[in-house]
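Chain nomenclature is as follows: A, B and C, assigned in order of appearance, with residue numbering initiated at 1 for each chain independently.
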Amino acid sequence: MTEPLFVIPLWADLTAVGLGGVQGALFASGFRGERRLDFLGVAIIGIVMGMGGGLIRDLLLNVDLATFRSNWYLITAVLAALTGMLLSNVFQRLNRLIVGLDAVVIGLFGAFGTSKALAFGLPLVPAVFVGVCAAVGGGILRDMMMGLPVAIMHVGSLYAVAAAGGCIVLAAAHALGAPLVAAAVAGVTVTTVTRLLAVIFDVSLPEQRMLHRRKVAVETTGIPIIRPSDGDERP
Amino acid sequence: MTEPLFVIPLWADLTAVGLGGVQGALFASGFRGERRLDFLGVAIIGIVMGMGGGLIRDLLLNVDLATFRSNWYLITAVLAALTGMLLSNVFQRLNRLIVGLDAVVIGLFGAFGTSKALAFGLPLVPAVFVGVCAAVGGGILRDMMMGLPVAIMHVGSLYAVAAAGGCIVLAAAHALGAPLVAAAVAGVTVTTVTRLLAVIFDVSLPEQRMLHRRKVAVETTGIPIIRPSDGDERP
Amino acid sequence: MTEPLFVIPLWADLTAVGLGGVQGALFASGFRGERRLDFLGVAIIGIVMGMGGGLIRDLLLNVDLATFRSNWYLITAVLAALTGMLLSNVFQRLNRLIVGLDAVVIGLFGAFGTSKALAFGLPLVPAVFVGVCAAVGGGILRDMMMGLPVAIMHVGSLYAVAAAGGCIVLAAAHALGAPLVAAAVAGVTVTTVTRLLAVIFDVSLPEQRMLHRRKVAVETTGIPIIRPSDGDERP
């Protein structure tokens, strides 16, 4: 086994973890009533969203967890989550910035995951799969812990598709002999641009948000809210 | 650590993965409305059902994931899921064949998991446990990702019981000095026959199906459907 | 990698696993109607609650699962769960004893997890995190498999806080040069006392129980039960 070919520098990694923490806090603040999360719950969601992708990646590769090598990952995730909780009004106004940074972060995590998998000798297809899991794993774990169906499976799939696009470009370019840095830059660019275009042209994120908001409404009141637009089965 | 004593040949492994993918697609096609799965969701369910058992087995044994050693596992699972999605009418008519093949597949996965665990030096009981997890792990992971309670815990337990029966026979025969191939054949036979008898005599599968169908009905309309038979608490 | 600095003796480990199994059975016996668990379901919950913490700990540390090294873990968990199921009336009257023993068990698991993590070279913060996961991991896994939101994220957070307190004390004392046995005793004491005080003064457990009871009521009848106290959104 050789070293990963492409390593996110610690500051970038921690930025990603911090962003995950903030997003986790904003997600968590949407819950009211019985499902309301306390301080600890928000911190857990922050840890899960900030570190879950890297954790799943390393479990799938059967290697020691990179996010446990330094104290800073957990500290960053928790502080970011608590900051996001306290300043949720501020961050909600910065939503565009967060979505933009998140698009870059997905790209970085996907590229890091794919190249780490390639470095450990995985074939092309599983390497891309590991990259996608690294990019979207935090959200999957969050939904599983919240008892929600995993969001990317239902609507808003362009999130995972954007990650997959970048990972495929990286892996293909690398297989064709391109230098890894160039391949990684291309991969990150593809993911980021795809993701941003999807958001700008309303391809998926808004639906996903509506889904969540509606779910939250149902769950927090304890009774399902019946709305005309709620499904296509009811008469 | 020695090599696994009993290895499923790649074609059999891929057949199992493909069957899992088709079953995942048929399962997914039952969801409507808000829970409807798109193309990507069906592919994910296919991957989870086709590869989840092997993944859980290898995580429990702390070894590199076998399903990541070749490109074909993921490709097979995704293609099978998409085929199952497009031809769901055809496959639903082939239900008997699929249930029959599935019974063999559970047996094979259980036998493979148990013997791999024995090869890595696990005692008898944990080895049987790993075999059962390999046989039913895909379904467990699927339910956790869908936000559903794990089906085998509620009704239809004969699914796991059939797997356990075969794994116990294999492990016991091996402990008593039987040649492994004979032990494995006996184990696979016990699991397959138990499972088929359970289906034929309506011991568990129909209840499980009803459970799912009812759940789906509740979830897809957005409002719980009240039926006289629905519980024993309501007045 | 060196050996863990602090090892729970097998009898204590099995006591913890057995207690987890009994608690799993008592938890499972609260479900009625569609969510009712059969014999196998209760056994699975027993395994998950008795062995889940150790399993998550070892997965996070990327080491072979300790609970698979002996036949007794699985046997103890299953027997305890079935005993708990059959004698649930008796055990419910022993509730105080069980809560008390559980408080010690959380402390032991947290201390074992933290010191094992430290022995494998993890920095302080991740080592504490692994300890907390070892202490509360069984409950998390149980909720994920039941399709429930993870309880410790919502109310009753003092459960995890008690675990974290003890783990922090252990790790800090060890970092400051205290002998490990003394550090471990201090850590276990902090966790146990915090947890017991929280229970005695009704800080968290009762709310958590109410949450579960209400959830169970909703889920077993198939229709949400509307109560005045149910949320703060409804008019």
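The rule is short, and it goes like this: contacts are C-beta pairs under 8 Å (C-beta built on N, C-alpha and C of every residue); 3 or more make two chains touch, one makes a residue touch a chain.
Treat the numbers as computed from the prediction; the structure is a model and nothing was measured.
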To bring the C-alpha trace of subunit A onto its twin subunit C, one rotates it, in degrees rounded to the nearest 5, by 120
Given over half shared residue numbers means same and under half means different, the subunit B/subunit C interface is different
Subunit B and subunit C have mean C-alpha positions lying a whole-number Å distance apart equal to 28
Check: subunit B positions touching at least 2 other chains come out as 59, 62, 144, 147-148, 224
Listed in rising order, the residues of subunit B that touch subunit A in the complex are 32-41, 44-45, 47, 55, 58-59, 62-65, 67-71, 73-75, 144-148, 220-224
In their shared complex, subunit C is touched by residues of subunit B numbered 59-60, 62, 117, 122-126, 129-130, 140, 143-144, 147-150, 152-155, 157, 160-161, 211, 214, 218, 224, 226-227, 230-234
